Structure formats: C-alpha cells, structure tokens
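A, B, C and D label the chains in the order they appear, each numbered from 1.
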Amino acid sequence: MTSYVARRLLQAVPLLFGVLTLVFIFMHVAPGDPTALYMRPDVDPAVLEQMRRNWGLDQPLYIQYFRWIASFLTGDFGFSLTQNRPVSDILLERVPNTLILSGTSLLLIFAIGIAIGIVQAVRQYSTMDNVLTVGALFIYSMPSFWLGLMLILIFAYKVHQLDWWPEFLKFPASGVTSTNYDLFGAGQKLGDRIRHLVLPSIALGVSSAASVARYMRSSMLEVIRQDYIRTARAKGVPERSVILKHALKNALLPIITLLGLYLPFLFSGAVLVEYVFSWPGMGRTIVDAIYQRDYPTVMATSFIFAALVVVANLIADILYALVDPRIRYE
Amino acid sequence: MNDMPERSGEIRHRALRLLMALIPGLAHLRQGHTHAGLSLLGLALSMITVSIFANERIQATFTAGRLDYWVALLTLAVTLGLTWVVSGVSSRHRLDARVGGSQWAIAWLGFKQNRVAMLGLYLMIALYLATLLGPFLTGYEPSVIGDIAATRHLPPSVEHLMGTDKFGRDVFTRVLYGARISLSIGFIAVTISITLGTAIGAVSGYFGGAVDTVLMRLVDTLISFPRLVLLITVIALFEPSLLIVIVVLGFTLWPSTARIVRGEVLSLREREFILAARALGLNSPRIILRHIVPNVLGPVIVAATLGLGNIILIEAGLSYLGFSVPLPTPTWGNIINDGREAMLQAWWVTTFPGLAIVITVVAFNLVGDGLRDALDPRLRT
Amino acid sequence: MSFKLVGLSLATALAVTSVACERQAPARQLIIGEPSDVGLIFPLAHRNYDLDSELRRLLYPGLNSARWENGRVEYSVDDMSLARAWEFDADSTAITYVLRSDAVWSDGEAIDGQDVVFTYNLMRRLGSDFPYGDYYRAIDSVVAREPRRVTFFFSRRYPQMLEHSGYSIVPEHVYRDYEPTIEALARHPALREPGDSLVVSGPYLVTEWLPGERLALRANPRFAGEVKIENVVIRFVPEATTRVVELENGSLDVVNPVPPELLPRLAEAQRFRLASRGARFYDFIAWNGARFEPFADPVIRRALSLAIDRQGILDGLQVADFAVPAAGPWPPIFAQAAAESLEPDPYLPDTARAIFASRGWRDTDDDGILDRNGRPFRFTLVTSPGSGLLRSSAAEIIQAHLARVGIDVELRLLERSALNDLVYFDRTRQFQAALVGWSSSLDGTHVRDQFWPPDAQYNVTGYISAALDTLIPQALASTTRDQAARYWSEAAKVIATDRPLAFLWFYGEAVALTNRVRNTKIDTYSVYQNLHQWTLQP
Amino acid sequence: MSEAVLRIENLRTYFHSTDGPVRAVDGVSFELRPGETLGIVGESGCGKSITCLSVLRLIDPPGRIEPGSAIWLRDRNLMNEPEAALRQVRGNQVSMIFQEPLSSLNPVWTIGEQIAEAVRLHRKAGSAEARARAVEMLRLVGIPDPEQSVNSYPHQFSGGMRQRAMIAMALACDPAVLLADEPTTALDVTIQAQILELLANLQRTLGMAMIFVSHDLGVIAEIADRVIVMYAGQVVERGTTDELFRDPKHPYTEGLLRSIPRVTQKLRRLAVIPGSVPSPRSWPPACRFHPRCPYAWERCRSEAPPLAAHERAGRCWLDSEPERRVAGAWDALGGREAQA
C-alpha cells in the first residue's frame, strides 16, 4: 500500500508540473503589472522600474521560470508582491478556511446526495422519486453564486425583518465567525462556526448533492438488481438491512470515485461562493492575486489547488480499496 | 341507388380533409396522436398570436434594416410553415411506422416515451424560438437608455414583465436578448469542445501508447485544475470579449469529452469490425473517421447537451467576476451581475435572469438525460 | 430510515447553533465593514490603499497631526502627534520637533528622537521597497541632538515640509537588527502574527488579525489621550451588497465605502446617516488625438463635452448629493475653489451637433452616425468594469448620449490591471479614448502629475501647453503653500479651457454609519482620523 | 408416505406490463415430501426458476403471484403470511441456492459474514457463536482450512468453493426445504459431480427435502427421486425418475431424453427439439407444445390437454389416443440435428 501511494504521488509530479507551467505562462504573458498597487503620481516611475527589477520581472521568461522552479523545489513559495508577506503565511491562513468550507460541502453533498439517491432508488417511479428527481435537477441547474445571492437575500436579510422567524434560522451574511467569537464557550464557538457555514456550504454544495443523488440512484438501482441482493432476501434479511447493509456498500463504490472528481468542481465554485460570502479562502486569494498580478501567490495557490486534487483522488482510490476487497494495490 | 348519404359523407369527408389541411395538428389529433397534435396546434397558435401582437414590429422589419428583425420574421414564417408541412407529411407517414430502421429511429422512439425528456425538448424549442423571435416579443430595445430617473428600478408590472434595471431598461427584453448571447456562447463553445474532445479522445484511444499517455496527462492536468481559475487566468491574458469567452470556454472544456470518447474507443478498438477494417488495410484516419467516430456519437451527443447547460453556468460565473462578455451586450450573467448591487431594492433584476438560467439548464439536462437513456439501452432502468 | 439519520443530524446541528444564538450584546464594540484587507501592518510597507494609510496613521502617529480644515490640510499638535511643538529655523529650511514626554511605545519604551532618525534612515535604505520617495528626497538629514528634540534639515524651503516630516514613526528598538528590506522585516514575529506584541504608538493596539476576515483593535492603555470605544473590529467584506445587508441587520456599524448604487437606499433610511468624503475624486475621458485624429481638435473636444449630460447622469443614478459636474482638474473641496472655479460644460446636444457639422461631420448616409469623407465618427472607449464605481455605470449612459448626436462609441471593458497597463504604463498609448478616474492631491500637485510635462507617464494624451510650461515650474519653485496653490489653480484653469480630457464630475465616496455612532470627523483627508474620539450610543 | 412438507397448488406468477400479463408460471401444482429430492426440469424460460422464487415469495414487481395460488409449508399457506413471517421462513425453514455462485455472493462481504448473518438473524445468535457456526458449516461442506476461509472474500474462492459456500450459507439454519436452482450449471463437469455428491450426502445426513431445478436431465437422473417436467409455465409430466426416464409420457420429455448424448451410442445423430421455447407473452393456444410436437394433430391445436391428478401423469392427448404415437415421427420432423 505504501509503495502504491508513493508511486501515485510520483506519478502526480508531472501533472503538478504541467499545471504550474501552464499557469506560469498564462500569468506572465498577460498584460498587467504588480507594481500597479504602488502606483501613485508621486512615485517615480524609475522606482517602480526598480521594484520590477527587484522582483526579477525584467528577466527573460525562461530565467524567471527556472528561478521560480528552483525556489519552489526548495520549499520556498516566495514573497507576496502585493501583501508584503511570505506566501506560505498567506496560504497557512487561507487553506484551512477553504478546506473547512469545501469539506463541509463535501459532507453535505455526500450525506444528502446518498440519502436522497437511496430513497429514490427504493421508491423508483413513485411520486417521491419523480419529485426528488425534478427537484434535484432544478437545484443542479442553479449557478452557485446566484444561489448564494438568493440565500443571502432571503435567509440573511429578509427573515431578519420578520419577528416570528426563529432566531436560530436567521443566518449571518458573511464571515467565518462572529466578531465576538473569542468570548464564546466551546459549544457556542462550534455553533457559531456552523451558523456561518450553513449558507455558503449550501450554496457551494447543493448542486453537487443533486448530482450525487442522481448517480446514487442509478448505482443503487443497478445493485438492487444483482443476484446477491436476491440471495440476501432469500436468507430472510429484512428489507432495510438488504438496502443499508448489502446494497449500500456496493452502490457506494462508483460514488467514491466521484469524490476525486468533485473537488476541482468544488474549488471552482468556492472561488465564487467565497466572494459572495466574504469567506477568506484560497479562491478569493487567487482571484485577487490574479487581478493584482501577484505572481508568487497565484503560483503557490494554483499548486495547492492541484495538489489537493491529487491528494483527494488518491484518498478516493484508497477508500475504494478499503471498501472493495477485490481491489488490492501492490 | 341511395347515394345521398354517400354524398353527404363525401362532403363531410372533404370538409374534414380541408380542415385538417388548414389546422395543423388536427390530423394527428384525429388519429389519436394527442401529443403530437397538441404540440403542433399549440406551436401554430402561438406563432399566430405573436404575429397579431407584434404586427407593428413585423411591418417595421421592412424599414428598420436590422438583421435581428429579419431573423425573427424568417423564424416566424418558417415555424408557421413547418407546422403545416410537418402536419401534412408526418400524419401520413408517421415516424413510428419505420420501426426497425436505424439506431437513431429507435433512439427517437425511446426518447419520445420519456415524458420528462420531452418536456425538456419542448422547453428547449420554446427557448430557441423565443430567442430568435426576440424583437417581436417585446416592445423595448435592450440597450437603449431613456429618461433614467423616471424609469429606473420599476418593479415587475404588465408594462415591464420583469421590471426595469438601473438604467430603466426593460429586464424582460434584456433577458430575451441575453438568451441570444448566452445560448450562442454555449452552442459554439460546445461545438468547439466536442469536436476537439472527440478528435483527441479518438486519436488517443485508437493509437494508445505514447500518444495516449501524453494526451491523457494533458487531460489529467486540465481536469485536476479548478476550471474557473483556469478560465480566469486565460481570460485575464486576453481581454474579455465575446470571441475570447467562446474560444476559451471551447478550448478548456474538451478534456471531459476526450475522456469519454477515449473510453469508448478503447472498447471499440478490440471489436470485430475494427479489427476487420484494420485487416483490410484501411489507414488510421479512415478507420477513425468512418468506423470509430460514428460509433461514439451517442455518448458525445449526450456530453454535448449536458455540456451546454454547464457552459451557461460557467459563463454566468465568469460574468459575475467581471471576466465575460463586456457591457452593454446583455448576457444572463451580465444582467445578474449588473443588478447585484441593487439586489436589496430591486430583486427582480437578479432574480429573473437567474431563473432563466435555471430553466435553460434544466431543459438541456432533461434532454441530455433523455438522450442518454434513449441511446444507451444498458442504462435504461 | 436514512431520513431519520439526516433528520437527526440536522436537529443536532440546529441545537448546537441555537446555543450560539443567545447573542450577547457585544460589549462596547464598534464593527466596521471595509471591502478589502489591510497589508502588512508596518508603516513603511504600505500600499496605495486607503485602508493601509488610515491604519498606518491610526496605529503609528507621526510627529505632527494633520487635519482637513477650510479647504486645506492644517498641521498641529494634539494627542495624535508625537511632538508637542515644532519650530522652523531662521531661513525655514530646518524644522525642530520637541517630542512629548508622555509619548511611549505600547511595550512601555519611551519614544525618542532616535526612533525618528531610524525611521527616516530606514525609508532611504529601503530603496524601492518604500516607493514614496518624496517623503525623504528633500530631507538632507534628520538629527536627534537630545532624546526629545529632532531636527529635519531640508535641502530647500518648499510647501510640503510639514507633510514630509510628519510620516509615521516606527520603533527602533524592535526593528533595529533587521535587514532593510520589506521581505526581511516582514519576518518579524510581531508582523507575521500581529497581536499584543506588535509595538505601536497610537490609540489602538492590534489584538487579532485574521487576514481576509477581520482585524480586531483594542484601546492602547499607554496612549496619552482618551480612547472612547474600547474595542473596534474591522471586517473585510468584499461584496458591497453584503456590507449593506450586514449594516441593516445590525452586524456592522460602519460601512466604508457605500457604492453609488446603494446610496439612495441608505439616504432614505432613518437609522443610518451618510457622510461624504468630500468631492475629491474625478472621472474623465481622455481623448487620444494620436490614435483618433478628430480628438486632436480642441473644438471637437468641446463639442463632445457638450454632448454629455453630466447633471442628467448624476440625477439619473441618484447620486447628485455626492457628486458635482466638473469643469477642470480643480476639485471644489479646495479653499481657492470658489473663487477660481469654472462653469462645467452644459448639456447642449444641438450646439454639439452644429459644431460637428461646422467641422465637416455630418450624417450623409443616413445611418444615424456622423461621417466625414466616408469615415464614420466611431471610436472605442476603454474603461474597467467594477462594482462601486460611478464611472462603470456611467460608461453605458455616455455611450447612449453620444449616440444621440451621431457618434458611435464602442465600449471595451478591461480588467483594471490591463487598463492601467494600456493607459498609463504603455507609453505608446494604444487607446482612442479612455474613461478613467483620478484622485486629486490635497495641495494641487496633481495638476502637474497629470498634465505636465508632455511626455510624463500620467499625461496620457500628451497634452502640451505653453502656459503650463511657465506656470508649473513657478508652482514647483514656490516656497509656501498659498503661493503654490495660486499657480496650481491658474494652471487648472488653462487646462479646463483646453479640455485635453472631458472632465465629468467630482465625487466623494460616502461612508454609512448607524446613528449610534457619534462624534465622527469624516472628511476628504481621512475617515478614521479621530476614531478614538468616536462614541457609541447604547 | 408422510405428509408433504411443501405443497404448491395452482401457482400462477404473472408479470404485468402495459402490453398485458406475462404468464411465466401458469397453474403449477406439486408436492414435496420430507427427505425426498424433487427434480424440476425444462428448457430455460419455462418457469422453473420463477417457481422456486415464488415459493419464497421473492417475486419483485411488476411480477405478482396471482390470488388463488397456494404455497403450503406444512400447514401454513405462505400466501397468507405477512412479510415479517416470511422472513422467518426464508433461510430458516426454506433455503435457496442459485446458479451463479459468484454473482450470488456479496462481493464486499467475507464468506463468514454472509453465512453468519443468517445464523444471527434466525438463531438470535451472538457474533462469536454465529462465526463458530460459519466455520462449522464451511467444514461440513468440505472447504479446506475453514478457520482461515471464513475471512475470505468470494473473489478469492474458486467456482466450486463458492458454490460450497453458498450451500453452507443455505444450510446454516438447518432448513426443512432446500431450493436448488441450477446449482451446478455454471460449474465444470468434475466440480459439478462433486457438488452433486455433496448435496446428496448433505440431504441424507440432514434429512431435508430438496427441490433441484435443472435443464440437464443427466443431472436430474443422478439426484432426483421424483421429477416434474415443465414447459411453457406449466407442468407437463410428472413421475418418479425411473418411470419418467424409462417411459416418457409427454412428447416434450421424450424430446428432452432424445437430446441426451449417450456414450453407448457412437456416432448417432443427436436429436434436438425443433423450434424454440415460445414467448411467455403469448403461449401457443390449446396444447402449448403443439407447434414443436411431432405427433400434433387437430385436437392438440384446438383443445388444451389436462394433467391428471395421479402421481404419474402427462399433459398430453396421446394419453387418450396412444395409437398416434408413431415411431420415426421425430426424424420425419427434420428438425435441426447435431452431430454427437
């Protein structure tokens, strides 16, 4: 297993390399200049020129590229040109936030998606199945940022003006924690975090949940028709156990591979949702950095994005092996 | 002898045939094909309604000298004409009669059975019709700005079905014209990405080996990177314009198609008819084009339909970040983005284009799912 | 079955969240919403961002204290200045500051002359890492003969001596041993993770910085003056609508800035008030005669200007209370403005059309667009999209206005970096017309920056004027602010007549506050200059 | 003979579609006595498997056991029992094994878990006890090293071992009746023999009754005491194995017997029943076998023959007009024939 993981990680190296090279080329060919943030009439253009030289931006592209690769290989992500802080510091703050948001969404996606998929498969062609299918499709078809705006409009704004609306269903419109978070007890802290997570994770995850439900439904239908389900029934296993024990584990197999597929999708969504909900994550960081042409930050964030996807795919494969005894990685 | 009843029967018969020729769909209805009949009838009626209500604008077509008016007029005429032609032709030779025909005929039969998919198809047709007929469906111009102070942020009413935006423009009109851009972006970008994806997937799967490895590494790279970030980076390189957005979307969305096609080709490659073609000494491009591509068309069409919905969503997201087609060209994403700051006092500006996106994407997905079921009997449950 | 599971977990989640709902009223805490994050909280590392400057002045006061009064910046000593007095020497080329005896760093160390010397030396040593070279360029040396007396020796007498000697002072004892680059200084533990350990001298200490999320400030117990609001939190909320939602929900007390779109709404609300920053920013269209020949003609430029209904746009967008039509680069906030101001161009589309006709521009082919010698009057106007900007809304309306007189404007929206590149950095000026904005200086020097000399980086249209060639050197050679201001305003008048740009309007960003916040002093100079004196009604 | 342990009366299992019912099992009756092995034989599609599944009432919609059918397990009519009671019967009193041992075993569970589950369900046993029982059962069915094998997954077993595991699972709760649905069809011939022997031995030692379904008359001959022959959803002939093989009453049985290759008959043409099994959507009218029958005459096409209530009976008009059974009819029919 260890050697398998090592081999997979090794295989990922050219992939990461490719991603970074692509981003490097795109970023540096694009017009724009990181010194713009310091641009002011009283700043001598010669000083800006010097800044560019200090950052090595006057060098030919391939030299910049190799220089950057070299420092990257030594674990140095560089220094943010616009935030004046080491990029690694910035990432240390931002990555956890994105992971919390996408992690919660992922949980939500799979919990809700799988549950709905099972219900649909068990009650195939029933009214509930049809309602859920069409409902899921509607949700699946919403732009995440638009859904986010609508959620804010309703659950973080309109309901705050209703007296009868229960207090705990009035959600904050932005942020990760309340400003007085530090004064809370442990339970309140957790609650506060969850309250802040509700709307963004719904906006981010609900469309994927709908698609997981669709996959789960067909996967479950496929499994239910298998011979071993008949065997289980012939053994006198109650229907509930037939579904939840015998069928579920098998039906989950194709769903596990989705885990790796959804992460890039979630990260894409996170870029928008983090903007709508003022969530200080990597998505916002990279978009801001792209705007400001903060090359080191863009490169490092891209790397983390791609690396997380690689890791997620690996985890999905390992999970697959854990659930499916037929697969053994040597 | 007694030819009176026969004659009256004859007259009735003739009258009926005349009526059936005049009213599209009636023949279908009489034959019990309620569905087809009603849709033809509905289509004809709605076209006639549009002609009556847009009378002035239709006349203006001849003087306005604008392409979109001509397109709308053409659409109106062709659609109306088609309802008659289809009504006349297909009520006699119904498609169903040709069972046992090609794979496509069978797929169509399967598709027709799927009510939800048909609903999607109807929605899709309605959307495209509305888009083409745009100038006749509204009395306003999408980008003309009048007296802002008087018309700004008017709530939905009979006058303005979806209210007005911050410049006093009719949101319904803008959504209608936005459909034109959003749908064509989707259409062209999907065409590009499907063509590219099919070509690359077919080549990769057919040749295998190093070619496959290199191409699939590229696909992995593109897939493992958050798409939106990639798009933003690329679009920042150029400047946002209709062309760039289409091209960039088209050129970045092909990997998933390539993967699907490659998978299909891998399984096809070992099948007898391909082996036979190889044994016959046909050259590779010929085998790919003549034997492989037609056989992967099914999954590709499904991918295209689902991809269309996806592209509309992505375009909206790009607009939101300011990376899409520039103003004042209305796209759905643009309109939402434009109304975002006024969301608190004018919810309609963001809500309606959003709903338009949802309905469009739903329609495409319904059709896509229906096609998948129809084309791939294995998945039928 | 699985429903139960989902239901159960939902119920648990709700139960947990409801615990947190018992909202305690935040104890005397002011919450401010700002669109973007601060940078490194070090005075010499600041970017050209409003919040960076505000925070710098708040945490690290300089030797003198600046205030906007009667249309100009006035310098004084008060609780926000480190000095208690200053004096010029006989020929006015040196200033000696006397430091306050009660001025201490937040770690208890006294603030002395060495800190000042260190700060100004560090500026110089930072080189391009501190790009605002004007601050030290005319300073020959800074000398601390006694712990509490610092003297600045200038190379000559000039109007900005007080401004330049009043920059934020950093603690020598903390940063002494660091290499003079921002990258090295940024590795200081207190800067990497700012908190109580960050040594400051202003009324507030940093308690916590969650980048991208919020910055929490607490009253500095060692601050000499009084601090009314104990806790201040600055939250970074990029989405303008969300900021206003939070303001209306009561989770923000102050929102800065409010985008033009939301101004009418807040102006009506009783619970809030809007404070204007003073009309200091101006939007304009630069006509690049080099890329579109008709723009080289001042008469055509005037006609174009007459075809734009400035007041109509401001009324239509419901921002008339926060903006005024502009005639030239001289903002109405200046003391001299009233006397020297010019009338903005009125909206006279018919006159404009007549002028175009007189220059041979007529609609001969009846397509609604003017043409001359078979060429239509058609050009591309570049601008940047962006929420919260008056000009991005205005672009479409201007396009419509010009269309009415037969001019076909194609809009081209560029992302801001790319626009800056195109308009300012690329000296080949590859644009025909650009709709951009500028913020005026507080003393008139922007008149030089933007219009003189002809090859200056920010003189994007390459404007040449013989009058400016004499006026501007005179302004630069002035020794006092009043003298300089006269030349600057004279130059502004010349520019207004020549119209190298179509000046559209001056506007000030607006700050929204709940009525609970009192005793604020919000002006063109600063929003949070007297934050420690603000009060919060229960 | 003692009373039947299982008695099926007029079993009709139809599948309902929009194009009308598919009568997969159409009025089947038989009984199973304690300790005996009843063979059910017929071509695929004749309703054998559906009959077995119907006994356990494991028919999924759109399939349905029509009212009027009765499944008597001793004195209980399973048709009237609620689902919960049925679960107590399944795997406990009546067990079933299937044709494809690989697909019939859950791939993600160990063999031990799958055997133990039935024990835990029906014996209310703890997990240790159930596991011990699983080991015991594996040993009983002759799986080597049962302590280790109990932790194996189905894919780690060979085909024969899988079927042994299936048998172990089915017999874990000492059922009174075992339904074996073509348990040897998917196996190699040598393995087939081993499994047959195992089943025969186990049946003897455990004293249970068994229904053995197969399309292979040779297998049936080896294991069954009595045989019923099914064709087109109906029983067409029944009798003891001996009687049936010696003297088939129904032409279909006759045809089946003719198609068995015999070692003794070298290079003789092997007969195959001409035509194919009719579609259950529309069985032929009257005698359902008449389109393929070499003896068919007018009556067969117009009138459905009954099945007499005797122990030994055939559903054929030849019973009443035996003179119509002429020699050489099969060869004259000129059906497809294969070289033996």
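The criterion applied here is as follows: contacts are C-beta pairs under 8 Å (C-beta built on N, C-alpha and C of every residue); 3 or more make two chains touch, one makes a residue touch a chain.
Worth saying up front: this structure is predicted, and the values here are computed from it rather than measured.
Chain A has the C-alpha centroid lying closest to the overall centroid of all protein C-alpha atoms shown. Centre-to-centre, using mean CA coordinates, chain B is 48 Å away from chain C.
Distance between chain A and chain D, defined via averaged C-alpha coordinates, is recorded as 54 Å.
For the pair chain A and chain B, the distance between C-alpha centroids works out to 30 Å. Distance between chain A and chain C, defined via averaged C-alpha coordinates, is recorded as 36 Å.
In chain B, the residues touching two or more other chains are 236, 340, 343-344. Annotation for chain C: residues touching 2 or more other chains are 239, 241, 245, 248, 415, 417-418.
Of all residues in chain A, those that touch two or more other chains are 30-32, 149, 157, 275, 291. Touching chain pairs in this entry, ordered by label, are A-B, A-C, A-D, B-C.
Here chain C touches chain B in the complex through residues 239-241, 244-245, 248, 259, 261-262, 264-265, 312-313, 315-318, 385-388, 393, 395-397, 399-400, 411-415, 417-418, going by the rule given at the top. Partner chain A is touched in their complex by these residues of chain D: 53, 56, 58, 83, 86-92, 95-96, 98, 100, 103-110, 117-118, 121-122, 153, 155, 166, 169. On the chain C side of its complex with chain A, the touching residues are 1-3, 5-6, 9, 13-14, 16-22, 24, 26-27, 29, 31, 36-37, 39-40, 42, 45, 47-49, 127-129, 131-134, 182-183, 186-187, 192, 208, 210-214, 216, 233, 235-239, 241-242, 245-246, 248-249, 251, 415-418, 420-422, 424-425, 441, 445-446, 449-450, 457-458.
Those residues of chain A lying in contact with chain B across their complex are 14-15, 18-19, 22-23, 26-27, 29-32, 124, 133-134, 137-138, 140-146, 149-150, 153, 157, 218, 221-222, 264-265, 267-272, 275, 283, 286-287, 290-291, 298, 302, 305-306, 309-310, 313.
Residues 116, 217-218, 220-221, 223-230, 232-234, 236-237, 309, 313, 316-317, 320-321, 333, 336, 340, 343-344, 347, 350-351, 354, 357-362, 365-366, 379, 381 of chain B touch chain A in their complex.
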